[in-house]
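Look for chain A in each of the two complexes below; its partner is chain B in the first and chain C in the second.
Right, the complex of A and B next:
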């Protein structure tokens, strides 16, 4: 994994000279004592974990819940990154861990939290532990190893894991901001959100106006993956090399396929992406090379996503495996059983809004976008042909069910 | 306004609700409840309360939104 820095108006999250506390202080200076509430409000900071929720609103609701319950809240830095195609959180935690710790210290101090966690891949924890030893934060940070599963970073699942229970999502009533870890009001923020907060606190007005993007593409047939810090509003065509691409997966596995020609002109912000049915999500941009079968790629991902269902809610438990199996058939050249496409569409209609978390909703959205964008390929398959060449899969999927 | 809600984790698809309150609940092809959208008609609220109380897993609930 390399970290590259795209042209950026801000100093950028990944531009520091190195990850150590000394290098961090040299690059950014000490963390000023500020109130994050008004700062994130003014900066309009949106969460970078996938949902894009306004950080100010989250902070406010945890503060309100803490005051009402008279219990000290818990703050959690979420670096779970269960999305197999994403690498931005891990990259950030390796290159600029102290920005994340600074952000966590800020929200902990402002909320009067007595407990702070950072949840991340176990492989990252030894280095993070060493970095923590260099700091003197009033609220010590506990490091939590996250099991690598797609839903492990879903905030209610993460809170359950921090409480020592299985990492499964639960219903949203009451929300974790009211009753999360240890039954206390809990603020869960993505690590990039916290790092941006640390820059905003230092007066970087543009910190909220950039995003970390994990780019996946092929250049001259060679796979290329990196993480870049990109100003919001940048055209997708200026972030990815699209000359050899047929479509772009925007957002990640909970995201949306868009034709390459259309994607090139889309700007990376909420308002511009919405008309294309896309969202920034977990900050993944994957340019599917023109010599792959988009249906086969999607079928493989959806098979993985079906296996990652927590299996708690009937519609998801029943619907996703059926949709995955059908898509697997549609992804092969040759006539598929009649009515199969209609089955997929009917099952897809039965899932949204009927699970405890948004996993089924996001998965059927991905499926719908694949059937739209790769409709020519569907027709080709019906005629017994496929233009994907035999080769390595493009989108990464963990080998066995995790 | 009173609405039906279902806790999707608690619901295990007994299907009793759809039998007792067909005006407000049907079942999907896997036996899980599909709730009529929007407000519950006033004349159904009393029955719906009884049906919710009869749900074997207590997954069916009525929510009063002011």
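Right, the complex of A and C next:
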């Protein structure tokens, strides 16, 4: 979480001189009174929570639902960041909290919301509370601590938590934009999306055209993790040092493995990543060093993801643990039970689209990409060899799930 | 002549309806336990539960209709929905009326399930555990054929089946871990099973 190196604008998301309200005003000026609807539409802002949903469409549907139900909507800044490999939301909340508060005030004002929440890691809340005390927003922001779980940031799980219920995802109908917190129409936006909105409102046309990326790599054998503001369309090879890497995990634990050689030339935008089966997700780019076993790394992550299943939907609860356990066997050198690989592929085909949330879909996608990209390693394992160096896990996984 | 036909029809639909209701309860608990019937996929168990339930309701319409039309016993139209107003065995018939009322509620909420809050549907659906005993006691108190022949054994069989199914559903409910603990338990169980080469079972998700 150190400095930024990528080419950046003078007043980018993380470029402010400091997090205080005074420094924020000095760098960005006061928040102008504008209507975010048209601005967001023109800027083409896409959500930065992982799904990349168009923010304008979300704003519009919450406004429509609020008008139809005649209830004041709720706005939620989502800084949960359940993804263990990501650090961009936390970094943003530490370095530029007032951009997030500005964005929240903007959407709250435009939607006529009477309640605003900011959900984030408990460790960030004391500082955020101090920053909030400096502001005079018409709609007060309530800070909500988020439990460290992979699914706690999923919007319906987050709404349930804000209502005081267990943080579990629910079915997509009715959507939270119609019935969310307190049964009211609820706008849930990622904190980065809100910060970009605050810049767009100030006339920064390029704010929607870059993204925060959490970089994970090893340089000369030393782990390197930081968050950078990268213009969309930048080549992955210009963001990451790939000379020692064998593959890149694009999009984090809900993302896709791509061979390093191919990834280097991929551009960071939806259209360019789609042919590689990848998506920006929550903006994690991890360059797997060449001395690690990609299968072992994936198996560890998938074991974590399986343990993070909310345990509500049969396909997820019955599918992910099987896949995780099988992948764990395939990730070890030595003969695996015959037909195990085919079982994994068969189970993987049975999961997508059958959960309340997309947790099983994303996990299966990660597994499929690992089997494709690390097929040489699979063959090596069958022969009882592995070129991984054990004892130094690369991708972070919380010690005990839940 | 018509009186005899009505009387036989009434008794026949009554007993068949009780048997089908028992089957519906057993199938319902099977759905709840994510159980299977050999040769049927799980969704078919659910479909069977639904269709057998609907069939028992259809038979019940005939059962109620014949009781009212039959002039030999004094059971008025009001007895269809208002309990304990019949001239003939008011208590026994009243229990049947209560069962009909509950069945109507369960039926309507199930047909409207997609338009109702899930919790409301569930709360109403759970009254089936009250509905069945009502229908059962109505059957043995208002019934006239339980002399000790095969019908008695059939009714007792129904009681055993419904009790066993209810207890099994209760046991499953107690043995299902809360959502937050299911995934971890499933992961441990699967890893152990794969390591020893034993088949992996089904994990319960509520």
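Please note the rule applied: the second predicted complex is superposed on the first by the 397 of 402 C-alpha atoms of A that agree within 3 Å, B and C clash if a C-alpha of one lies under 4 Å from a C-alpha of the other, contacts with A are read in each partner's own complex, and residues count from 1 in each chain.
Convention: a residue touches a chain if its C-beta (ideal position, glycine included) is under 8 Å from a C-beta of that chain, and two chains touch if they have at least 3 such contacts.
Predicted model, so just to flag it, every value in this text is computed and none were measured.
**Student:** Please tell me, clash or fit, for chain B and chain C sharing chain A in the overlay.
**Tutor:** clash
**Student:** For chain A, which side has the bigger count of touched residues, chain B or chain C?
**Tutor:** Ranking chain B and chain C by residues of chain A touched puts C first.
**Student:** Is A:318 contacted by the first partner chain B, the second partner chain C, both or neither?
**Tutor:** After superposition on chain A, A:318 lies in contact with both partners, chain B and chain C.
**Student:** Output check: A:307 vs chain B and chain C. Expected answer is one of first, second, both, neither. What do you get?
**Tutor:** In the superposition, A:307 contacts chain C only.
**Student:** For A:166, using the defined touch cut-off, is the partner it touches chain B, chain C, both, or neither? Pick first, second, both or neither.
**Tutor:** Only chain C is touched by A:166; chain B is not.
**Student:** Quick one: is A:326 in contact with chain B, with chain C, with both, or with neither? Answer first, second, both or neither.
**Tutor:** Touch status of A:326: second partner only.
**Student:** For A:354, decide between first (touching chain B), second (touching chain C), both and neither.
**Tutor:** A:354: touches chain B, not chain C.
**Student:** Return first, second, both or neither, reflecting whether A:337 touches chain B, chain C, both chains, or no partner chain.
**Tutor:** Second partner only, chain C.
**Student:** After overlaying the two complexes on chain A, where does the chain B footprint on chain A coincide with the chain C footprint?
**Tutor:** Dual-contact residues (chain A): 312-314, 318.
**Student:** For the complex, give me every residue of chain A touching chain B.
**Tutor:** So the residues of chain A touching chain B come out as 170-171, 312-315, 318-319, 350, 354-356.
**Student:** Along chain B, where are the residues that touch chain A in the complex?
**Tutor:** Per the touch definition, chain B meets chain A at residues 7-9, 11-13, 28-32, 34.
**Student:** Which part of chain A faces chain C closely enough to touch in the complex?
**Tutor:** 166, 168, 303, 306-314, 317-318, 320-322, 324-326, 328-329, 337, 401-402
**Student:** Flag every residue of chain C that touches chain A in the complex, lowest number first.
**Tutor:** Touch residues, chain C against chain A: 34, 177, 179-184, 186-187, 189-191, 193-194, 197, 200, 202-203, 205-206.
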